[in-house]
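Letters are used for the chains, namely A, B, C and D, taken in the order the chains are written, and counting of residues starts over at 1 for each.
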Amino acid sequence: MGLKWYTARRVAWAGVAAFVILTVTFVLLDYAPDPELARIQFRAAATGADAETAAEAYAERRGLTGPLWERYLEYLGNLATGDWGWSDTRSQPVLTAILTALPYSLMYTVPAVALSTVLGIAIGLYSAFNQYTTTDYAATFVAFFGVSIPNFWFGIVLLLLFAVQLGWVPVLFDAELARTRPLSLANARQLVLPVFVLGTSAIASTMRYARAEALEYVRAAFVKAARAKGASEWRILTRHVLRPTLVPLSTILVGDLLGIILSASYLVEVVFGIPGLGRLSLEAIRRQDTALVLGTTLVPVLVAVLGNLLQDLAYALLDPRIDYGDR
Amino acid sequence: MTDPPAAPRDSLLHVEDLRTRFHTDAGTVTAVDGISFDLDDGETVCLVGESGSGKTVAAESLTRLIDDPPGEIVSGTVRFDGRDLATASEAELRAVRGDRIAHVFQNPQRALNPVYSVGWQLLEAIQLHDDVSKADARARAIDLLDRVGIPDPATRIDDYPHELSGGMQQRVAIAMALAGEPDLLVADEPTTALDVTIQSQVLRLLESIQSASGLGLLLVTHDLGVVAEVADRVVVMYDGTVMERGSVHDVFERPSHPYTRALLDAIPGRDVDLTPTAARDVADRDPSSATDSTTGCRFRSRCPHAVDACREGDQPPLHPTPDATTSAPDGARAHVAACVHFGPDGDPDVVVDSAKSADSGASADESAGGDRR
Amino acid sequence: MLPGDRSGDAGPSALASRSRRSFLHLLGLSGATAVAGCSSSQGDGTSDETHYVDGTSTGTQTLNFLSVNDTPSANRIQLVLDGAYAITPEQEIFPLWADISTDEGRVYTVELRDGLEWGADYGSMTAEDWVYMITEVFQADSNWANYPTPGEWQRAGEPIPVEKTGRRTFEVRLPEPDPAFPLRPVLWGAFCMPKGLIEQYRPAEDQEGLAQDEAVQTLAYAGNLGPYTFERWERGSSFVATRNEEYYLREVDDVPDEWQNAPYFDSYTYRVVPEESTRLSALRSGELTATDLPASRVEQFEGLDDVAVKVFPQAYMTSLIYNQRANGSFYEALRKPAVRRALAHAVDKRQIVEDVRRGYATVAHTFQPTFSKWYADEAVRELGVGETYSHERARELLRDNLDGTPYRYEGDRVVDDADEPVTLDLVFAQGSQPIQTIAELVAQEYDAVGIDVELTGKQYGSIVEQHLYNSWQGDGDPPWDAGPYNGGPRDQSVSSRPWDLILGITFNTYPRTPTSIRGFSVRRGGTNFYGYHPETDFASLFETASSTVDEAERRAALAEVFGALSVEQPFNFLHMGVEIVGYDSAIRGPEETFGYSWDRNTWRLDGA
Amino acid sequence: MIGAEDSPGTGTDDSQPADGGEPPSERFEDVDWASIDADGGGRSPLRLAALVAAGSYGLAVASDRLVAGGDPTIDVAFGGVAFVWDATAVDWLFVATLSVLVFALVPLARNRRLVAYYWRRFRRHRPAVLSLAYLLVIFLLGTVGTLFLDPPALDVAAAYQPPVFLSVDASIPTECVGPVVEGRCQGTWRYPLGTTADGKGLLALAIFGMRVSMQVGLIATLISITIATAVGATAAYAGGWIDEALMRYVDIQQTFPTFFLFLFLAYLYGGSLFVLIVIFGVTGWGGIARIVRSEALQRSEETYVAAARSAGASGPFVVWRHVVPNVSNSIVTAATLNIPVLILSEAALSFIGLGNVTLPSWGQTIAAGRGDLATAWWVSTVPGLFLFATILAFNFLGDALRDALDPRQEVGR
C-alpha cells in the first residue's frame, strides 16, 4: 500500500519534471542559432537567389513555422498519442531513432556498469578493511585511475595500442554486427575497449561509496558478533558487510552511474564510433533537430524515473527496515 | 611475575600475563597490560572496572576478536581447555569461536545484523559449526529461542531484529551464543543497554542457562550490583591491569586494594551502578596516563595511601591479602591485590586502618577482622 | 567533431564552400566529396569480393535529394543515381543519363539515353518525368516540396521555360544566352524522380508524405540508374550500397570501356566515424579504404606502405575578412583600399601555407585559384609574399594612408582619436586547429605593425547569426536589401555584434563559372556581409563575362575582375585549400586534379 | 558513534590516548566560521579585515572596469622582470574566491589545537599528504607563477618539437629547433616538454593550464557550495513546501542536460571561461545541496538547534549560526570532490569542441593534440599527465578529508 502510493507519487512527479524540462528545452532550442539555416541562406545569397525564400522552405521542411506556443502544443499533443515526432536530420521517426540507438548504448554501458560496480564494491570493501595500508592506497589508485584520466584521451590511446599496433580488436565499431549478432565473440571484441574505458571511469564513485559505507560496518558490533560466532573473514565480508553496504549503495548506483554514463557516453561513443544515445543526442543538439533533441531529453528523465523506482524496490528488498508509508 | 604459578589443576580458562596493545597516531596504548585470571567449568567470573579499564579488550582478546590492526596481542597465554589461543592459528580460533567460546555483546541492537532475519542469523551460528540440514538447524533455532524465553518462537524466528524489543534482541543474541553449545560464555555488559526491569530478567536467564548447562561464564561489567548477584569470583581491573582478584565474598567483604575500596566506598549501599561518571569521581584520573609508559602503581596519583615506593618499578605484583590463606589455598584462586602495602615489605594496615577510620559499619568490622597477619 | 576547414564534410568554416546546390559543386567542381572513393579489398571473409569503405565524419540526413543540402547525403545518393551528366576535369560534358547541347547558348536540348529504367515499377525514364519534375517541383509556385534552391530554375524571378520535345528529349530555354549554363549546378548532376511517384503527393502538396515515402527513403525508384543499389542505411553509422548488376551503362557503347564494366567493387560503404583520430587509426589498420587526412599527418601516412596519400586541388579560399560596415572599430580605415593593401603587407602568406598548412595549400592573391583557366597571372597583384611581406612596408603604407581617418600612429602603435590604442576583434570559427593557428598568427603580425588584436573563437552558427547577418538600423525602410547577409547600405545595416576581422569562413571561388562570385564583390551582392564598396565596376564586367559566347572577351573581362580584386583587397586573400585523402595503396584511379571524383565509378583495386 | 561503548575501536574508550587521538571538545564544525556576525558590532578584527578586503576589492574591480579600460591592471617592472597583469572578469572572480578561502581558513587556523588534531588525522593518509603538496605546487605555479611568465607564444616554425632528451622522426616538426641526429629531431631545453602543433611550449601551456584548472575548479565550486549550502540548509530548516519545492527543483536541474544549456549560453555569450565557470557553478550544486540538506536535517534534530530556536533566534540566524557550521565538514569534502569533476568537464567540453579554444587550458591542449597521438604523442600526453595527477590528487585529498573530518569515522587510531 505504502509502496504503491509512493510509486504513484514518484511517477506523477516524473511527469511534471519531464514537462518542465521539455518546455525549457523547447524554448531554448527556438532561440539557439541554427547553423544549417545559416548555411542554406548563405548558399542562396552567394548565387544571387533569394535567401528569404530558401529560409522559408527550410522552416517549412523542418516544421518551424507558426508561433512557438502553437508548435509546442502540437508537439505535446502528438506526444500524448505516442508520436514523438519525425527526425529531420535522420529521416526517421524519433522513437525509431531512439529505439535503434538504445541497444548500442546498452551494449557497452550495461557491462561497464557491471564491471565498475563489481570492481568498485570490491575495491571499496578491500580499502575499508585495510584502511591506511599500502595495499589500500594501491587499490584506491586503481579505482581513481579511470576517473582521473580523460576518457577520450584514454580511448584514443587504447585504440592506437590495441587496435592499430597489436590488432587485437577492430578500430571501427560495426553496428551491423552488433545488431545482428549481439552475443557473438566478434561483438564482444569490439566492445571490450569502450566497456573498459567507461567502466574504469565509473569505478571511483562506486568505490568511494562502498568504502564509506563499509567503513561504518567494518567495526560494527554485528561484524564482531559474526566473528565471535566463528564466521570466516570472507563470510563476514560477503554476508555481513556487503549486504548492508549494498543498501545505500543502490541509491547512488542509479543516480551517479546514470550521470556518468549519460555524460561519458558522448565521449566514448564519439571516440569509438558507436551510434548510441549519446551521439544521437549530441548530433541532434548540434543540428537543431528539435523533435530529436526533445526525445533524447526525455530518455534520461524516463531512465531516472525507472531507475529510482528500481532502486526503491531494491532498497525495500535489501533492507527490511524500510517502510514506505511515511515517505 | 611473582604471581603464583599456574594452577595445579587445569582450569577451563587460564589467562596469564595477557598484554594487548593498540597502535595509534599518538603512540602505542597498552589497553591490557599483563592480566592473569582463571575460570573453571560452571564458574562465573566477573571482570569489573570502570569504562576504559580495558576489561572489554581483555574479554575480546581471549579469542582475538579485537581489531588487528590496530590491536595486537603482544604477550601472554590464553590457555583454553589445554590449548593456547594466543598463539593459535586463525582457523583454529574460528573453530573455537562460537563453538567452544561464545560471546554476548553489550548492545543487542547493534550486535544483530539489521538486514537479516533472526532465523538467518541463528541458522548461521548453528551451521557454522554443525553440519546439519537447514530444517534441522531451523528446528534447533526455534528450540533455542524457546530456551531463552522468546514467546511464540516459531513465528518470531522470521522477524527482523528491528521488530523485536531490546530485551528480546538480547535474548536472541544469547540464543545465538548458545547455538554452538559453548563451554564458555563471554558476556560483555549484557544488560547495560537494557531497561532496568529487563536487566534482571536477562541476568536470571544467564544464571539459569549456566546452571542448566554448566558452562563457564565470564561476565564483563561495571555494575557492582550485578557482580554481587552472580559472580563466583571477581577480577578488578584498573587501567589495563588487575588491581585485585578473589572470590566475590573476599573482594566484597574484605576489599584490599585502595582502588577497590574506593569503588565500594563511593557507593552507599554498594549495590548501585558504578557509572563512568561515578568512576571518574572516584578515580579522577589523569586521562593522559594511558599512554604513559607507566612507572609505579597506576592508581597512585589518586591513592590516599600512596608512598614513595608506589612510584618505582612497574605496577606492583599481586600480593596475597592477609585473608588469602583463609579463603582459598591455591595461588590462582587466592585473594590478591596489586599494592605495595600488601607486599613483603608493606603493611596492609595502612590501607585497611585508614578505611576503618573513614568507614563505618560492616565493612569496617570485616576489614578489622582481616587485618591481622 | 568537425574536421577542420576542409570542405568535405560540414565543417564550421565550410559555409561558403557550399553554394546552393552545393553538393553538386562539391562533387563536380571542387572535388570535395569527403573521400571520394575507391575501392579496396576489405574481404568480409569471401576473398574475391571487393569492398570500398569510405570513412567520413558526418552521416547523411536524408536520401531524399529534394531536401539534400549537404555533401555527405549527396555522396551517398550519387552511388545509386548517376545524375544527368558529369563534367570532366577538362570541363567537358560527360553524358550519363543525358547529353546536353546548344547552338547559341540560349536554348539547350537535353537528350535522355535509351534504356533508363526506374525501379519500383515506375517504368522507363522519359522526358515527361523530367519536365514534370522541373515544372511541378523545382519551379512550383508554392515550392511545396521545400526544394532548398528553387532559384536555380529561375531567371530574374521567372521560371525558365522547359518543354518536352520528344519521348526522350526536352528543351531548356533561357531568357538570355548563358554559355556556362551546363557548367552551372542546375542540370549538371541533376537527379530526377519518376512522375508517377511525385504525382501521389503533388495535388495535396504533401511534402511530408513524399519525404517519408518508402521508395524515397530507400531510393527504391533508382532501378538501373546508378552503379550501385541501395542496401541499407544505419543512421549515424553506415550507408551500404551493393553493385548494381543492371547498371544501364553496361548496354551503352559510346562510353569508354572502363565505364561499361563499372563499378569494380561489390559494395561501397560509407562509415561514419566522428572522431578523426579513430578514422585515421582505422585507415592504418586497413578497416577503411579511404579517408581524409589532416595536413599534419600526411608525412606519417606517406611512410606507410599500404596507404597512398593523394592531394587534390580545391576551390575553397581562406580569407581574412575586414568589417567595412559601420559597427567595426576600425571601419573608417578599412574602407580605404590603401589601408587594406597595407594590412595585406603585414601577413606572411608563405608562412601560413608552409608552416600552418604544412605545404598543403597554395597562396591566394585574388578570388580565383591559379589552376583555373580564367586565372590571369599578369593582372593579379601579389601581396604578403616575398618583398610585399614586410612589417616596415606595412607600417609605412598604413601611416601614409590613415590620413582622413580617426586613427594615427602614436609612437609605434596605432591609436584612435581618443589616443587609446586600437584593438581589433578577430572572430574565428572554432573546430579547426589550423584556422585557430592562423588567427593567432594574424594577431602576432598585426601586433608587429602596431595594432592589437583580440581573438574570439565562436561556433560557426554563432558567427553567422551574430556577425554575418546584418540588418537595417536606420529609420524607415532600407533603400535596398539584398537578404540577411547584406541588409542594406553599410552605414546603417550592421550586424548584431561588432567585429573587425573574421577568419574561418571559406569562400568557393567557382573556377568553372567565375561569374558566380558576383555576390561577393558587388555593393549589393547577397553575400557582401562585410560592406565592401568596389571602386571598379564589377557589375558590368560580370554582365559581359556571363553573357558573351566569345571566350576571349570573357577571359578579358574576368582578368580585369581578378586583377581589380587583387588590388582592391575586399578581404585579405590568404590561401587556397587542398583536399588530402589517404587511400588503400591498391586503389587505382584517383587523379590529383580539380574535380577528381567525377569518375570514381571507374576506380578499381589493383589486381582485382 | 558506532560500536560498543567500551570498545577500543570506537574512540570513546578512555584508555585511548587523549592528548592526541581524542578529539578536542571542539570539532571542525564548531569552528567559528561566522565570527564575523557573532557579536553584532564591528569589534571583531576579522570582521574588520573582511570589510576592508571587500571594500578594496570592490574599488579595485570598479577602477579596472571603469577607469583602466583596456589597459593592463597592473604594469610594473622590477629587476628586469616585467609584471603585467590585465585582469579579466575571471581573474576578479578568482581573487574574490581566494579571499573567501582565506577568510574561511583564518578562524580555523587560529584554533591551533584543532588544526593539529585534524592534521594528525589527515596525515595518516600518506597519498593524501603527497597530493596536498602536489596541489599546493600546482596552485602556486598557477596563481603566482603565471604572473611572472609570458603566456605561451605562437611559433609555427617550431611546431611539434619533442620534449628534451627525446627525439622524433625529423619529418614531424616543421623545423627542428634542436639537432637532427640520424634523421631524428632531438628535443632541446628551449622547449623542455616539447611544443604543440602551433609551436607553443608545452611547459608554459601546462603552467597556464594550472591557473585555468584552479580557476575552473575553485571559483565554480565556491559558487556551487554557496548556493548548495543556502538551498540545502534552507530546505532542511524550513521544511514543508519550501523543502519540497527546493528539492524538486534540484531534481529537475539534475536531470536537465547541462550540456545543452552550455551550448545555448555559449551561443549567447560566447564559450568563454567566464561563461563556463558560471554555468558549472550555477548548475552543479544539486548533489551538494542534497548532502547539505540531509546532514542539516540530522543536525536540526539536535538540541542546540531546538534550543536556539526556542530562545527566539530568527530562522536565518539559526541556519547560518547553527545549522551551516555543523554541516561544514560535509561541505568541505563535497567541495573537494567537486573540483576534479569540474576540471574534467572542462576537458570534455574542449573535446566536444565547445569552450574557448584560445584558452590555454589542459583540456584544450589535450583535445587539440589528440589527433597527433600517433606522431607527436607528447602534445596531449603532457597536459594529460598533469590533468591526471591533479584529478587523482583531488580525489585522494577528498577521501582523506572525508575520513579526517567525518566524526562517524573516528576509528580510534
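Basically, contacts are C-beta pairs under 8 Å (C-beta built on N, C-alpha and C of every residue); 3 or more make two chains touch, one makes a residue touch a chain.
Only a predicted model underlies this, so the values are computations on that prediction, with no experimental measurement involved.
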### Query
From the centre of chain C, which chain's CA centre is farthest?
B
### Query
Any idea which chain sits dead centre by C-alpha averages?
A
### Summary
The distance between the C-alpha centres of chain A and chain B, rounded to whole Å, is 56
### Chain centre separation in whole Å, for chain C relative to chain B (CA means)
92
### Summary
Per the C-alpha centroid definition, the whole-Å distance linking chain C and chain D comes out as 46
### Query
Which whole number of Å gives the spacing of the CA centres of chain A and chain C?
38
### Query
Which positions in chain A touch two or more other chains at once?
32-33, 152, 156, 160, 164, 219-221, 224, 270
### Summary
Within chain D, the set of residues that touch 2 or more other chains is 2-4, 7, 9, 124, 267, 351-352, 370, 373-374, 413
### Query
Touching two or more other chains, which residues of chain C qualify?
1, 277, 281, 284, 459, 461-462, 465
### Message
Show me the residue ranges of chain A that touch chain B in the complex, using the header's touch definition.
### Response
219-222, 224-232, 239-240, 243-244, 247, 318-321
### Of chain D, residues touching chain A in the complex
2-4, 7, 9-10, 124-127, 248, 251-252, 254-257, 259-261, 263-264, 267, 337, 340, 344-345, 347-348, 351-352, 363, 366-367, 370, 373-374, 380, 384, 387-389, 391-392, 395-396, 399, 402-403, 408-409, 411, 413
### Task
Would you tell me which residues of chain B are touching chain A in their complex?
60, 63, 65, 67, 94-99, 102-103, 105-107, 110-117, 124-125, 128-129, 160, 162, 173, 176-177, 179-180
#### Entry: Touch list for chain D against partner chain C, complex
69-70, 154, 156-157, 159-160, 171-172, 174, 197-198, 266-267, 270-271, 351-354, 356-358, 368, 370-375
#### Entry: Residue ranges of chain C touching chain D (in the complex, touch as defined)
1-2, 276-277, 280-281, 284, 294, 296-297, 299-300, 303, 351, 354-356, 358, 420-421, 423, 430-431, 433, 436-437, 439-441, 444, 455-459, 461-462, 465
